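Two complexes follow with chain A in common, the first pairing it with chain B and the second with chain C.
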Partner chain A sequence: MVDQAQKEFRTRDLLYSIALWFLSWLIPDPQLHYRREYKFKKRDLFYLSAVLVFPLIWPDPHIHHLMVLAGIHGILALGLTLFLGYAGQISLGQAAFFGVGAYTTAVLTTRYGLPSFLAFWASAIMAAIFALLIGKPLLKLKGYFLALATLGFGEIFLVLVRENASLTGGVIGIFNIPFFSFAGFTFDTYLKQYYLIWGVLTGLVLFSKNLVRSKMGRACLAVASSEEGASALGIDVAWIKLGVFTVGAAFAGLAGSLFASVMSTANPETFSLNLSVLIVMMVVLGGMGNLYGPIAGAIFLTVLIDRLSRYQEYSLPLYGVILILLLIFFPDGIGTRLRVRLIYLISYFGRKKRREKVNL
Partner chain B sequence: MFLRLEEITKQYGGVQALNGISLQVERGTIKGVMGPNGAGKSTLFHLISGMEKPDSGSIWFKKKEITGRPLHEIARLGVGRTFQTLQIFGNMTVVENVMTGMHMRIRGGILSSGLSLPWTREDEKRAMREAKEMLEQFGLFGRWKWFASQLAYGEQRRLEIVRALAAKPDLLLLDEPAAGLTYPEAKQLAENLARLKENGLTLLLIEHHMGLVMEIADEVAVLNKGELIAEGPPEVVKKDPSVIEAYMVRK
Partner chain C sequence: MEAFISSTLFFLTNDPDEETIQLKTMELFAPLPQLFTSGITFGAIYALVGLGFVTIAKASQMINFAQGEFVMLGGMLTFFLFKEIQLPYLLSAFLTIPLVMLIGCLLHLLVIYPLRKASLPILLMATLGASLFLSSASALLFGTLPKALPPFINRPPIDIGPISISLQSLWVVGATCLVLLFLYLLSHRTLLGKAMEASSTDPLGADLSGISRHLMIFIAFGVSAGMGSLAGIFITPIFYVSYHSGTLIGLKGFIAAILGGWGKHSGAILGGFVLGVVESLSVAFMPSGYKDAIAFVVLLLILYLKPKGILGSPFIDSRRW
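And now, the complex of A and B:
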């Protein structure tokens, strides 16, 4: 009976296969990072050109601004996914490093008049130094304890920012941070900022891609899989964790710096626990163990929150329901199993008809 | 002396796991460690490889004291090991598992890897080529693109040995390499181990599989209840009354 169903060919099947073929090079496949050829794929070029063309075919400043935010969230999520998705450790303190970056830029540009291009790099270094100091003791912890400890660090950072009013402006924060400028070119419109943010994000994706493909990426995956097995091969587990944590923090520092120069303001409200949880959500929802997943998650959540805000008091319950549904139907994240899920959906109706016909 | 243990003692709570064990392993030989369950064989391996610290006594490897040093430092000195419970990296492909074994021999840190500098790229390519060659030697080449978790149990055991060998160790500790293998697989393993010995590797292996140890080991040490009860060439140890009493007759 099954043979009968397989032999039968319908023109509709051709349509399905065309759709599947198109999807197959559009959407990341489940285990993207395990394929480690040193070359660009059509998919990468497709994403790159989509990023380049998008604001031109949709010339709406509001959307541009939204995508600027999504890009900043994307950088944060990318930094966290190296730590969470690859090395398998959890951190709820990513927002604190974001804050370190933002305040470094704010203080350096407004108080000391440093060009924003230099402040940009200084922010990354500052966040990395913080991460090294914090990570050394904290990363001895594992699992829930590590989550709670990093959470504690985030809260301590917030208190420090609020109380040190002379340096950080206290609860009010710092205003009038100059726009990002480089070689006399100022990024003052949403469109220019869009290209700035997504350009930085592209660079960081390339960096992470190389990292993930190298011995460091393998060491991270090994640490996530079996710490004993990893150290029996001469991998210094503590150093690998610290290194990846620091890289993630440096990414967050860059994101913070960009945020400060794009929004022209830095205040403690932005770096609360909410942001940390949101970033973890982006990584989990977007898909772990995949570099494009967290960015997809960042875009999706940023746009979702923006769209839901028009429903005012219903926005939070709606947000919760949507997240729960997504986690039920996409347990590996929207960026990871999307292809498999869509193939399933597309072929679902075909299979259903056939099942009825064959009468098993 | 290549590897030397002096009066090693280890206690877990009130249980005396190892009691004053002294052992020596010569370079380029295969030494089998046998004993009934709970004799302290695995504990001995944990102490040598640095997963645990001995309560007293000292361990010397290549004229350096390695007592109580962390696992990865000892691994860097040239001690490789496999585990009784497999520690395969199931989230990586087979070839990547082997390349992870070459971690110490690939140049580059986080920044140079991230920026994909020429020398790291060169080393990566070399590592990939070498890993494929090693897989070919051990009959796993047909599976190089598979996920390690998809392999059959016997293949995973073999992969773990290949991965440990990829680090180019001087001393390899094998914790029950033949456990759960079928007869032909075990035979194949014995051949491979004999070939490794010819290449100058020193092996220390724990085994329940009597046949395998008797076949390839140059010397056998028998542990029982944390004490070393017999040591010597396999033929001699086989006839030792205390070994027969402890290991073979009383099950």
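And now, the complex of A and C:
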């Protein structure tokens, strides 16, 4: 009886599946990485066109500036999600690599007059070198201790920046960093910067998509689920962790370089612990183990902070409360929980009708 | 560092007259005893904060990154009660401790308990979010200006030879000893302490023998908040306490607890004193701006060379890390 009812085809099932299909365009699927091979799908096209069209249909400079910031945060969160979401390690030192990138660009362009395009790549390489040097000893640690050790690296970086005033400008920082320019084209308005940042972000998303599906990406997932199991399968756990950490740091270095050339300043207040916490929060709220989630989380949190800043001194306590509530009610990411809820709601009506039929 | 290098260079370049060298070394080492005593004071504070971390770790193996905020709240609330409401000093201090314990218990009820099944990054983020909330809310309630209380007993510092010891630092060291005694009695002489320890070392076993693990963690949060507030009350006469000073003190207390041996009361005490003395002696050899980095350098060294800490740790290499 039950089997018969389930096999029976009804036209209204099409309606539910159309809704689910539309949903699958909009909300990323966290289980994608073990379900099927990646192909360039309609959803990617949808996101790409949304990114391209967005500033044209909403021509507000403030929003453009906000989205520039969100894009930079998105690059940072994308770098961290490879480490936190895929390899399952936690790092609170991402802001330090961001700072390394920003200061590399600032020093190279203002002191040595290097073109910003070269400084852009130099910052990524510099951040990667830093990550290799400190990752080698630190990545033996796990859990809370890894978090604390990376946090310690961030604090040491801040102290070094503050004290070496001859190189980094101390507490005041470096000003008048030239805008990013490539082949004679200067990115000096918010709209141009928007396309610069989101163009870089698109490239990095494509890179990460390939990385996640490569041998290294699959090894990362194995390391995240069990380190002993992964090493029993012949995966060099220490090397994989170090590699992912370095890639994440290089992403942060790129983001830092873009930040320095977009904002034209670099000062140590920007790269404090608060930024690291914010980045981890973006990854956690976006949902760990998928690539679009952290970017959505970055946009969400950047806009949230901007909206909260109008409440002046109440903004920080409100921000803390909202973060805790989000963590309590959406512990595996807003997108993931929302998707599950929506699927449940949509299929609920279908199941209800079917149940009544069977009971009769 | 630059000052140190330049002073060494000064030795090398100038004529190596023995008397001058002796004089220079005298100048370099003259403030060391004084720095050592102030290091002991700092160390006692780090030890108090580290004991708070250990108390929670003994009950649940989790780390509460909002621990430093309890210290800040202890100082701020005492200042508020003493200066704004104009209660007597002793009464406001004694009122602060239960208030902060209440905040600690509320933190467990509202943040940690709903997340009891969450994974590590989420728990970490939640405690960091709580820390952000507590510090910014106290900035809102008590103002952003740094605050200082008068010392407990207004007497000039005691001079012993070249060093002078302020009475307040004696108070701090005494309080650390008292708290250590209290914790020793709690964990070795009472059933409650044993139940707390059981719930962290073997959660399933604790459940089977009828121990309510969440109640134990709840009590541990209360106790550690009380200890944090005690540290805050004792240090506010020595340093200025402002709304954002909690984070750094909390982190240094945590480093002290790891340095001595994570999960041991004696480890937190030893680590606190070692960290305080090292940090304060470093001022003699380096520009004081680097002082905050010393603790983290010590942390990285200890985690790399001897993750179990000086006295060894019962928790490391167990299930969660």
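Keep in mind that, in the parts below, the second predicted complex is superposed on the first by the 317 of 360 C-alpha atoms of A that agree within 3 Å, B and C clash if a C-alpha of one lies under 4 Å from a C-alpha of the other, contacts with A are read in each partner's own complex, and residues count from 1 in each chain.
By definition in this document, a residue touches a chain if its C-beta (ideal position, glycine included) is under 8 Å from a C-beta of that chain, and two chains touch if they have at least 3 such contacts.
Because the structure is predicted, anything quoted here is derived from the model rather than measured.
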| item | value |
| --- | --- |
| Touching partner for A:Ser226 - first (chain B), second (chain C), both, neither | first |
| First (chain B), second (chain C), both or neither touched by A:Gly243 | first |
| Partner chain(s) touched by A:Pro61 [first = chain B, second = chain C, both, neither] | neither |
| Partner chain in contact with A:Gly289 - chain B first, chain C second, else both or neither | first |
| Touched partner set for A:Phe153, first chain B, second chain C, both or neither | second |
| Chain B versus chain C as contact partner of A:Ile324, first or second or both or neither | second |
| Touching partner for A:Leu316 - first (chain B), second (chain C), both, neither | second |
| Chain B versus chain C as contact partner of A:Leu211, first or second or both or neither | first |
| Chain B versus chain C as contact partner of A:Gly199, first or second or both or neither | neither |
| Touching both chain C and chain B, counted on chain A across the two superposed complexes | none |
| Complex interface listing, chain C residues touching chain A | 62-63, 110-111, 114-115, 118-122, 124-126, 128-130, 132-134, 136-137, 139-140, 247, 251, 254-255, 258, 287, 289-290, 292-293, 296-297, 299-300, 303-304, 307, 320-321 |
| Residues of chain B defined as touching chain A within the complex | 49, 51, 70-72, 75-76, 80-81, 83, 87-93, 96, 99-104, 106, 108-110, 113-116, 120-121, 123-124, 127, 147, 163-164, 167 |
| Contacting residues of chain A [partner chain C, same complex] | 84, 90, 137-138, 140-145, 147-149, 151-153, 155-156, 159-160, 162-163, 273-274, 277, 280-281, 284, 288, 313-314, 316-317, 319-321, 323-324, 327-328, 331 |
| Chain A residues within the chain B interface of the complex | 34, 36, 38, 207-208, 210-211, 213-219, 221-222, 224-226, 228-237, 243-244, 246-247, 289 |
